[in-house]
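There are structures below to look over.
Shared chain: subunit A. Partners: subunit B in the first complex, subunit C in the second.
Now for the complex of A and B:
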């Protein structure tokens, strides 16, 4: 009897993606820019958060944005209004960005002029976690209204990120959200995950986050 | 030169899924149960909403639950605490339920004793929309904190649903959520979509939703 050949298509896709992610990493090293991947559920506040970060960093760094969006261009237009070079990836029915899309997007950004490239990933806590984009900082947002139990349900996302930004903390009085429970649940999965509670509405926590980010960018650009 | 053969793997998967969805529909017709698929982002409030619905319908209907969850069993345990037959589908890294999983789950429920089977889908606004599960009522939750622009970004989800339950409306004063904008955005995609604003915290809107649901179930069971 002949040997049964089993091709794990998904693993092939992930392996291929890993190779392209390495190319992206090498490009970031050569061109000396800091690549930051931001993931979250739909509606966790990625766009609002990114716009706030851009306003705070604009004087010091030259920033570019890659916008992942299934259909619309509303977010990309908001970025352009801040006068930052923006590439919109319109990916139709797909549920995540992959490294090849990022490589393509980077070809369309003026990399020699940029220090930071921010990727706004598709709103989804599942598939984006599987695809290494070659980023220096893989990170995620979790909004208070989503609940403190999400690490139990989407463990891979919490495992692959280096920073967890907890958004909409001005809503804490309205929701049964236990920050300590979140910390315990995430620490089980990922000891290195740094947690930053913030509110775009009140500005609370943003100074601390920006200070960490600047330090991280400085360290990375030095290493590059 | 030979013709290049192009196999659209995704379309093959969706076609196969459609056939199994038809089998599920036929099973529901034969066994006379109402199959209700509930989709949403992570943290939109599916579990809380379903628990509330079960409490309100328990006296009148015999209910079973299929729980989709990537890793944990926390939601399934809450359902079992209400003494309803529950099947937990632990699907690992996958980002949606498909009709074959539902068929399998239904084999493990006492269908002859049930009038309603509720499916809690994976928290994701993208992929679950592509997979017909053979449900009588495909529906989605959108929570106020997610924002009123989600139909622009996840159009397929809003197109395939027959009911849109807007949750956490007790938070409306805290968020820039424009219910009229939501209605305009969804009507473009799906003229038949009925919208139900509710709050699990205050109970607002639940009576109206339950009345519609009972009518729908009665009509369906009559037709079956």
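Now for the complex of A and C:
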């Protein structure tokens, strides 16, 4: 009869990813770029929103994009049309991006020239929330047609973000979306979460968001 | 579905640790998972069977202990447990307010392994 031995581990399964995320954070600090992770469900409006942000910030900042969309390179082509250095990740059937993919992608961007790197994460409200990418700003886009109850259904996603952008507010008259209910529900788990209602179509709310973003970037990169 | 990559990471960590301890077989694995991870025990079992097939951990059991979600009240700092399946009715038992900061519920740890 063989002897049974119980080994105490207390090992965090996400440690490997966490260590790589720390390396990414350190790289961003050294190379002085602001890393911004944008998560949402498919079709919420990430690409449209990112393109609008790029148009508004282009004069002041040099921006790069890491494109994590599953299906094709359509989104990357739209970024490149704006003259923005873009890395398209080939992720096959994966449902999330992890820190190692970001580290690799960053090797293919001209980091010495960039102030901001935007990550368009894979459309999914579950898995992307589970992986720290080393971003200065983990954020989420929620579009009005998806409904105000999403914070109740995807609590992990809402708890890991620092900013929540509620997009497609031009559609509010068509839906029974309750902005107050959304605020109450997100603050149950994350009372620091900042909420920005915007429309990438009409531009409503974008000035406020851009002002916050510039302040955050300035603080992070010590530009002020 | 989202449990699969974690089953692989757990497997990798378990085998590494078992080999380092001169084991020939892993018979039992205990993990701790925060409720916000939304891991379904039956699905964890299924993936565990799949990833351990043909390895030193084949036929080992995996036990999952759930860690409840708790928040610190944004107003009075009371720590209280929340029911993630009924967030709408969650409020601070001390002051009644509905804001909080996540304290526990996102854990993902291997507690220990049993080897031969």
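Observations
One rule holds for everything that comes next: the second predicted complex is superposed on the first by the 209 of 224 C-alpha atoms of A that agree within 3 Å, B and C clash if a C-alpha of one lies under 4 Å from a C-alpha of the other, contacts with A are read in each partner's own complex, and residues count from 1 in each chain.
Just so it is clear, a contact is a pair of C-beta atoms (placed from the backbone, for glycine too) under 8 Å apart; a residue touches a chain by one contact, two chains touch by 3 or more.
What you see is a predicted model; the values in this text were computed from it and never measured.
Once the two complexes are overlaid on the shared chain, A:122 sits against subunit B while remaining clear of subunit C.
In the superposed model, A:207 lies in contact with neither subunit B nor subunit C. Of the two partner chains placed around the shared chain by superposition, neither subunit B nor subunit C is touched by A:107.
When the shared chain is aligned, no partner comes close enough to touch A:22: not subunit B, not subunit C. In the overlay built on the shared chain, the residue A:168 is in contact with subunit B alone; subunit C does not reach it.
In the superposition on chain A, A:147 contacts subunit B only, with no contact to subunit C. After overlaying the two complexes on the shared chain, residue contacts for A:11 are found with subunit C alone; subunit B is out of touch. Touch criterion not met for A:60: it reaches neither subunit B nor subunit C.
Once chain A of one complex is fitted onto chain A of the other, the partner contacts of A:188 are limited to subunit C, with no touch recorded for subunit B. Taken together, the two complexes place residues 9, 95, 126-127, 130, 152, 155-156 of subunit A in contact with subunit B and also with subunit C. For subunit C in complex with subunit A, the touching residues are 1-2, 5-6, 9-10, 13, 17-18, 21, 23, 25, 27, 31, 36-38, 69, 71, 74, 82, 84, 87-88, 90, 98-102, 105-106, 108-116.
Within the complex formed with subunit C, the residues of subunit A that make contact are 2-14, 16, 95-96, 126-127, 130, 151-152, 155-156, 159-160, 184-185, 187-192. Note for the complex: subunit B touches subunit A at residues 9, 41-43, 69-72, 74, 93-95, 122-127, 130, 143-147, 149-150, 152-156, 168, 170-171, 174.
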